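Listed next: structures, encoded as structure tokens.
Look for chain A in each of the two complexes below; its partner is chain B in the first and chain C in the second.
Entry: the complex of A and B
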């Protein structure tokens, strides 16, 4: 299966299709991209003319008339900064010293260190804590990420319905086309060398969370960075084949749903001395730690989708194009 | 052992220098790059503090994804500036000073906008 369009030749740039080329020429010539009535364009120009005038007035006001307010603002900012630093340093003085055992938290640490391997089946005790003892915290974190992605979508999603003017995506489209056609070959080469290693490393970190350092969040972040590098070097055409809006939604829904269901099940069967049906496996093997591996995969998929979704929404206002 | 200690002290000094330097960069892009190096130093410090889990996450999220998002935000802001410039040129007012003078000359109908 051919996933990525790798083009190493400097001379042989990808030739655009007929429609794309026409669109590009239109944009480069500065003609209107969208078909909108002339009256609307006129009112838009008038609006921007007034906007420029109003900003001029505001700038002049700030520069000349409100110099006293600026001095007041600066002094208040300095005083509040100093106060904040003092408060934080005062709070730090109450923390236990580095390397000294804290008598209040020693009980739970002792329990984790002594019984963690038997109770969770994970050699990496950090994974055991965050995905077994404290799994509901991680569930909340995953939902926070998902909520953040939804908020960014609400703020930055851009299609033909919610654009204020025809100039809204004028430069974005031009930049996209330019970068797709004339992307520097050094970026492409470095990305092509780096990308397989990065994706492999991400998958390794993700799947070995219960044995070695890493786990769902770190592995997912590395995978998401790989997707971002892919989109930055080879354009969004390469990633649109892997992640569309539909797949992103499905991944988020099924991962979070599986996580919630699995932890809810364990909450009612495995906790408080009740018998747990999920086998722990031999510690150190890749299929060990009970539910830790599937939960790692679920968290990693959500994090990777979120990271790539942020990038895609920031850059072009949609995940996987406006389809 | 002593070598690790010295490296740790050097890295901590660099950390403070980077944290202060973010505020004194000439451009916003410079500040983002200094912030990126701050995250990289923090990543090495996490390894020295024996928490490799945090080090991996710091390298991927702190130095990687968040810097990319900062740079994209800067790019969007500059795109806005370019658009405003193009609109000014299209309206026949390339010079901001010229616009200010023109708005002053146009009499009392726009006194509310120009604040005179």
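Entry: the complex of A and C
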């Protein structure tokens, strides 16, 4: 069996002649395909016939390949993994023991713990560190999520090149019908009980990031899972009323835009030695920690939208209603 | 404080914001916006370069109100600024010259997302260039990993999807190893900023126990980043990734993304590990040998390729080998040669990747050599812009490729001994192989096939960026001393 195809030159293998392989070849090469490859297929049946034949051809290709190489490849992989694990274990034995620190290396942590409260205004030191001391990293991290959403959108959102088969459409429509017909299912009952609690708890975690454990990323994840449960139990028709493609875009734009500008302002004033006029508030109150609360809200909204976006893109190929 | 000192921070935050903004615009507006904003960015980084050259010293920029070991920091010296200018200039040229193919290869509803991903990639390139904090480097390395898969996958044909899956798996392995290395270093030093980290490491290196951890951490960081940049045994993802992406993506991935990882690695060697300690480590010799292997095996694979894009991509693997050979030679001379080659190769390879689809367009949309015969005569303009960078890749004098090979040879001569002999032999062999496959291609595309075809003319959107890249190439060949002095000044600021 072959796990990883090291020989990437498959296209240079002799490809058997015949009309059956034209479709696969064209799709793979992309030389002819500027329009939809689907348009070349007359019927679904023909498409599946071609697909089955092409996989048979690929299987034949794999079986005829050199077995000796596969054995060699497996042994090298196993040996290098064992080597890496052994070397890491060996290295770990030289790391400083827990609790035994040299005084210079805890200089950074010391200030976070001792002065964190008065310098950031946040009781929860973690929030203070990620959103104030090391805000630049978190600025990048929240854009990582957005980037991931954009990449999944590119991959999965339907367009002229990425269309679904009638079968897939059939199942999506059937699911939606199912939700309309069977209103009294267990799923719906549980979701109806769970959903308000989940949204409330998500909002609580989100808004209390500066006081208690939690914050934008965790609160956003709870909110996002609430939206996903809503969509799974009541169908996408229920979430489409709240989140359409446009609102998802707007939420991401305003949250991340606000994030960039707020942090850009703080970086600018901090580096130039200017007063930034952002009140720290009383530590422990809900309005405290300077920019931490609004930034948590922004991050939370982005996380929730991203999680729901992944679910929606994987299930039906769009965020918000089908066009 | 001078206002110019804010520009590195502006370049990152503005790029991030532009990425988000482009998703709100239509495809056409996103393209125009991206071009305008990259021009602004180019002016900003050029101003920073001029500022650092004039003042003659690097400056750090505190992000927020908390100083060095507690908050994040950016740092701008001559070397960072010149790399940033290179990145933005090549990115701008790639966007300009590839816009025709972006319209053609990408579905209309996703063009704005493509530009959004490109802008986020610019932000990651900028942040990784300027950063003075190893963990910020990791965060933006994640963005770079994701965006590089995004710009690849956006063409939505079977080949790019397959290539993107492979590229992503290898890239994630690289990211994981990099993170492991950062964790090990953080565990023994207790710092994430480069300057205090280096101070701790210089002390810890005397202790034999900590030395084991240090060497292991450096090794893991090196393996992670060399998988991502495509050093010899890990270069097999290159041809599919570069060859099938839309031309803008191919140019950006080959000439900027892999170079950015190498630049981060160089920065870690100089500013985290410390160059004296790095010279003392055995990792250097491993990199040297793998670089030499890459130079030969990359070229051999390029000779066997049946498809012009795969040939150019495998030649990238050989050029990455050159850069790692320079790092393995060590010393300021070796590193200067490596950075000069990063610049020379970025300018040259982007031009090749932006030109090959034009040659294919007049050959029945086929990239295979057998169909390409005479395409340079059918499309003389694209033929010329394939000829000039090819000559540079071979190493003909007055082009940048020649100067970089000269720098490598000089750095090896400084070192002497067995390394000198090895470098000379492999450099000669690799140049010969380079000449073999590029000459073969040039002869193929200039051999007339049928005289009846009419000639294709190009618009300014292709000619202007290509001319700019050619001029940059010539400037680096003719005034290589100026560039070497600039890079040398940058390295002297690193200490």
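Of note:
Please note the rule applied: the second predicted complex is superposed on the first by the 214 of 323 C-alpha atoms of A that agree within 3 Å, B and C clash if a C-alpha of one lies under 4 Å from a C-alpha of the other, contacts with A are read in each partner's own complex, and residues count from 1 in each chain.
Basically, a contact is a pair of C-beta atoms (placed from the backbone, for glycine too) under 8 Å apart; a residue touches a chain by one contact, two chains touch by 3 or more.
If you're wondering where the values come from, they're calculated on a predicted model, not measured in any experiment.
Legend: residue contacts after superposition of the two complexes on their common chain; A:114 is shown touching neither chain B nor chain C.
Once the two complexes are overlaid on the shared chain, A:314 sits against chain B while remaining clear of chain C.
By the touch criterion defined above, A:143 reaches chain C but does not reach chain B.
By the document's definition of touching, of the two partners only chain B reaches A:205; chain C does not.
Legend: residue contacts after superposition of the two complexes on their common chain; A:253 is shown touching chain C, with no touch to chain B.
Of the two partners, chain B and chain C, it is C that touches more residues of chain A. In the superposition on chain A, no chain A position is in contact with chain B in one complex as well as with chain C in the other. By the touch criterion stated above, chain B contacts chain A in their complex at residues 52-53, 55-57, 60-61, 64-65, 68-69, 72-73, 76, 79, 82-84, 86-88, 90-91, 93, 96, 99-100, 103, 110, 113-115. Put simply, chain A touches chain C in their complex at residues 6, 8, 11-12, 24, 27-34, 87-88, 90-91, 94-96, 101-102, 104-109, 111-112, 119, 132-137, 139-141, 143-144, 146-148, 150-151, 153-155, 157, 159-162, 249-250, 252-253, 256-257, 260-261, 263-264, 266-273, 276.
Chain C makes touch with chain A in their complex at residues 1, 5-6, 9-10, 13, 16-17, 19-21, 23-24, 61-66, 69-72, 104-105, 107-110, 113-114, 116-117, 120, 123-124, 127, 133, 135-136, 139-140, 142-143, 146-147, 149-150, 153-162, 166, 180, 184, 187-192, 196, 200, 209-210, 212-213, 216-217, 236-237, 239-240, 244, 306-307, 365-367. Looking at the complex, you find that chain A touches chain B at residues 45, 48-50, 52-54, 56-57, 60-61, 124, 126, 167, 170-172, 175, 205, 213-215, 217-218, 221-222, 224-225, 228, 307, 310-311, 314-315.
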